[in-house]
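Everything below concerns the one structure shown next.
Chain nomenclature is as follows: A, B and C, assigned in order of appearance, with residue numbering initiated at 1 for each chain independently.
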Amino acid sequence: MRGLAKSMLTTLSVFMRPPVTRNYPNVHRPLPERDRAFPLLLWDKDIDEPFCTGCHACERACPVECMTVLMKDNPNHKSVGGTSSRRKIIDKFWIDYARCMRCNVCVEVCNFDAIAMNNTWSGHETAVHDRKDLVMDLPQLLALSRGGAIQEWVPVLGKANEA
Amino acid sequence: MPTHLLGLNTWLDGLVRVLLVVLLMTVTAMLLIWAERKLLGRFQARIGPQRTGPFGLLQSVADALKLIGKEDLRPRNADAWTFELGPYLVFVPIFLGFVVQPFMAGFHIRMLDLGILYFVAVSSVSIVGWVMAGWGSDNRYAMLGGLRSAAQSISYELPFVLSLLSVALLAGSLNIDDIVVGQAGVPNIVWQPLAFMIFFIAALAELNRAPFDIPVGESEVVGGPFVEYSGIRWSMFFLGEYAGLFITGVFVSAMFLGGYAWPFGLQLGIGFQLLLTALKASLLIFLVIWIRGSMPRLRIDQLMGYSWKVLLPLALAQVVVNGFVLVYGLPRIVLTIVGLAGVVFLVWVTERAVRRPRVPRPAAVALGSEAAS
Amino acid sequence: MVTESAHEFETRDLLLNVGPQHPSTHGVFRMVMQVDGEVVRDVIPYVGYLHRGAEKLCETMDYRQGIGFMDRTEYLASMNAELSYVMAVEAIADLQVPDRAQWIRMILVELNRISSHLMFMGAFGVDAGIIGTPMIYGWREREAIIDLFEEITGDRMMFAYFRPGGLAWDVPTNFAARVQEVIAAVKQGIKDLDGLLTYNEVFLARTQGIGVISAADAIDFGMSGPSIRASGVHLDIRRDEPYLKYSEIDWNVITATEGDVFARYNCRLQEMWESVRMVEQCLDRLEPGLIMPEKMPRMLRTPPGEVYVRTEAPRGEYGIYLVSKGGNRPYRLKVRSACLSNLQALKQMSVGQYVADAILVLGSIDIVLGEVDR
C-alpha cells in the first residue's frame, strides 16, 4: 500500500499547484512569430497593389494542388502610365483551405515574397458552416495584409543565424 | 424528528418524509457531481466546470435539463420490462437507505431498532437493478458489465457486513443512533482500525467506484450496463451512485468516526452536531474522490480474489477477537493493539501480491557481442 | 465455434468486436476477439482504416513536397519520420550535412521522442483505468515541448522542418534558453508520472506478468524499439548503426528482462530520462555554423540508385527504402513501419489473457495508426 500512498501524494502535490488551464476563447495566448496557419497574399503598400504577379510557381509547387492562379496585364504598369514595374499582376487567385496542408512550400518557392503564412489567430479560427466557404478568393486573401494587420515572417531557405 | 410532523396523521406524515428524502437526495447528488468534477479537475491540474453559473454550480442543473430533453431509446430486441425497470431498482434502494441516517440528535427520517440490518438489506437490492440493466439491454458489453457488477457486489457484501457486525458487537445494538451516542467519548476507529479499513474498501467496491469500477470501465466495456441507456434513465444510475456516495460518507462517519457525537457534540447542540456530520462526511467524500483520481482499476478476478482471500478472513478474525474481548472482559486497549496489528498485516499482504519494480539496467553492450537469440 | 467442457455444459465462445471506434484502440483499429467467458482465445486484427496512399503519392512529389507526407505517417513523432526520409535522400544524393544541423536535428529528434513517450503514458494510464490523471500529467509537459516546436518550425505537429541537406531555416536566437526551460518542465512531469504509476500496487498488479513475449519470439516477429528491448534483446539502432552524432555522446540503452507490459512501460519511462540527458549534452556541443551545405540546388535531383535507411523512432525501427531513377522524384518509396511489425505479435501476446489485459497489451505496443496504415 505504500505505492498507493505515493500515488496519492503525487496527485495531492498537483492539487496544490495552480491548474494549467488556459481560458480560451476568453484568453488567446500570444502566437510565436513563426506560427504557420493558412497562406495569404501580401499587399505592397508603396505601390498599392499585390506583390503577386501570377507566375504559377506556387501553384506548381503545391503538393495537394489547392491553388488556382490567373494572371493579367498590369493596368498600373509604367509603360501604360502607372507606377509599378510589374508587367503582369494577379487577376484571380483561389486557395482551398480545406486541401491546404500548411507545408510552407509555396512560401519557399515564391520569387516575389508575395505569399506568406498567416501567423495570427484568424488563421486558426477558420471554422465555417459550408465547405465551399473555405475556398478563399483574392479579396479575402489580401484582406489582412491590405489592412496592415499582419507582421508576416518569410524565411530565407537554408540561411544560418549570424554568429 | 417529532413522531408526527405538524400533527398530521401517519400516512400524510410518511408522505412528507418521503418527499423530504427525494428532495434532499436529488439536491445532494447534484451537488456531489459538481464537487467531484471540480475536485478531480484540480487533481488533474485543470479547473472543473466554470461557466454555467458562479463557479460552475449550475452545471448539474444544465446537465439534468439536457438529459430530460433527450429521446428515451430502447433497443428493439431489449426486454421491455427488464430494461425499463432496471434503473429504478438501482436508485430507489439507495434513497431508502437514507431513512436511517443520523444527522443530528433526534433528527432522522425514522430511526429503526434494526437500523444496520435494514441498511444492509436495502442497499443490496440495487445489485438486482444492475443485473436487470445489463441483461435487458440486449448488448454483449452491457451483459459483461452487469455480470461483473453482480459478482463484485456479492463478493464484497461479506466483508461489508462483517465489519459492521464487529461495530455492532461493541455497541451491543443495531440501532444506529445508539452506536453514535456510544462514541461520545472515543470514536470507534480507535478500537476498530482494521474494521474501518475493511469497511472503507468494501464500501468503495459496493459503490462501484475506483479502484473497483470495472463494471463501468469506460475504456473497455464503454460504460458497462449503461451503454444502451440515454436521457433520464441514464442519469438515474448516476443519481444512485452519487446518492450512495453521500450515504456512505454519513454512514461511515456515524459508525467509525463518532458521527454527530464526538467531540463534544452532545453538549454543544444541534448546530454543532450538523457541522460535525458535514465535516466528517465531506472528509470521507474527499478521500473517495482523491482515490478515484489516483488509482487504476483492478481486474475482476483480482478484485474478487482480494475480497475472498484477504478481506473476508481478516473481517472474520476481527469479529472473533471482538467476541473474545467482550466475553472474557479484557480491557479495550487489546482491541486497538490487535486492530493495528491487523492493519499492518493487511498492508503487508497487499504489497506482497506484486513484485517491487526493478529499474531496468542500462546496457552499453553492442548487439554483436551477445548472442541475440 | 462450440467448445465442450465437462459433458453437461456446452458453452459457446463470444465474438467481441473492439473498434474501430473505441476509446482504447488508439486510432481507427479494429480487433475481433473470440472470448470464452473472460479469456481471449483468438484475436483477429483488421488494419487499413487509415490508409491514405502515402507511398504512392510520394512518387508524384519531389523531395521537398514529400516531407509533408512523411510527417503524417508517424504523426506523434514527426521529426523521426522526416529524419529517416531526408537521410535516405542525402544517402542517395551524397549530401554532407553540416555539424550544426546534425546537433539541432538530434535535439529535436530526442525532444520528439520524449513527447511521443509522454503521449504513450497518457493513453496507457487511461487504458489501465485512471481516467484523465496520467493523460493530463503527460500532456502538460508535451504542451511545453510542442510550444517550443511551434516557436522553431511554426507548426505544432506536422513540422516539415528537415530538408535534404540540413534544416529549412535556423532556430531562433533564444533556442538554448528555451530548451533549458522545456527540459526543466519535462523533468517535473516525468517525476509526476513516475510517482503516480510506477510504484502503484494496483497498476503493478494490472501490468506485471501479462502480455509476455520472449526474446526469440520477438526477434521472429521483427519487433523493434522499446517493445523488444523490454524482452531482453539489446537492439538499438542509435548504438548499432550510429547516425547523426549518437556515437559522440554518452548515453545508455535501456533494456529489461521480463518482456511483460510493465517492462515495456518502464523501458519507455527510463528512455525519457536518457533522452533528457542526451538533449543536455547536445546543447553543450551546439556551435554556430551553417545549416545547409553551400551551393544547394533549387530543385534537388538525385542520381539513380536505391538505398535503405533506418532510424530509431520512438516506436521502433522506422525505415525508408528509396529507389531513384534519376530526376527529382522517387521512383518508389517504401516506409518500413515499426508499428505494423510490432502489431503482428499482438495475437501471441493476448491469447490466454483476460479481455481487460488484452486491451492493456494493445496499449503497451504503442501503435500509431498513421504508421501502420500509411
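In the analysis below, a residue touches a chain if its C-beta (ideal position, glycine included) is under 8 Å from a C-beta of that chain, and two chains touch if they have at least 3 such contacts.
Everything quoted here is computed from the prediction, not taken from an experiment.
J.: Report the chain ID whose CA centroid sits closest to the centroid of the full protein CA set.
T.: When every chain is reduced to its C-alpha mean, the one closest to the whole-protein mean is C.
J.: Give the label of the chain whose average Cα location is farthest from that of chain B.
T.: Looking at centroid distances, A is the chain farthest away.
J.: By the contact definition above, name the pair with the higher C-beta contact count: A-B or B-C.
T.: B-C
J.: Taking the mean of the C-alpha atoms as each chain's centre, how many Å separate chain A from chain C?
T.: 30
J.: Quick check: how many Å separate the C-alpha centres of chain A and chain B?
T.: The answer is 55 Å.
J.: Mind checking the centre-to-centre distance between chain B and chain C? Centres are C-alpha means, answer in whole Å.
T.: Each chain reduced to its C-alpha mean, chain B and chain C end up 41 Å apart.
J.: Which parts of chain C, given as residue numbers and ranges, touch two or more other chains?
T.: 133, 136-137, 140, 196, 199-204
J.: Where in chain B do residues touch two or more of the other chains?
T.: 43-46, 293-295, 350-351, 354
J.: Of all residues in chain A, which are in touch with two or more distinct other chains?
T.: Touching at least two other chains: 1-4, 7, 10-11, 14, 20.
J.: Where on chain B does chain A make contact in their complex?
T.: That would be residues 41-47, 290-291, 293-295, 346-347, 350-351, 354 of chain B.
J.: Write out the stretch or stretches of chain A touching chain C in their complex.
T.: 1-4, 6-7, 9-11, 13-14, 20, 31-32, 34-36, 61-63, 101-105, 108, 117, 119, 155-161, 163
J.: Residues of chain B touching chain C in their complex?
T.: Going through chain B, the ones touching chain C are 40, 43-46, 140, 144, 210-211, 213-214, 217-220, 222, 293-302, 350-351, 353-355, 357-367, 370, 372-373.
J.: Under the touch definition given earlier, write down the residues of chain C that touch chain B in their complex.
T.: It comes out as residues 14, 16, 22-24, 38, 125-133, 135-137, 140, 196, 198-206, 208, 215-216, 219, 230, 233-235, 239-240, 252-256, 262-263, 266-267, 270, 274, 354-357, 359.
J.: Sort out for me which residues of chain A touch chain B in the complex.
T.: Where chain A meets chain B, its residues are 1-4, 7-8, 10-12, 14-15, 17, 19-21.
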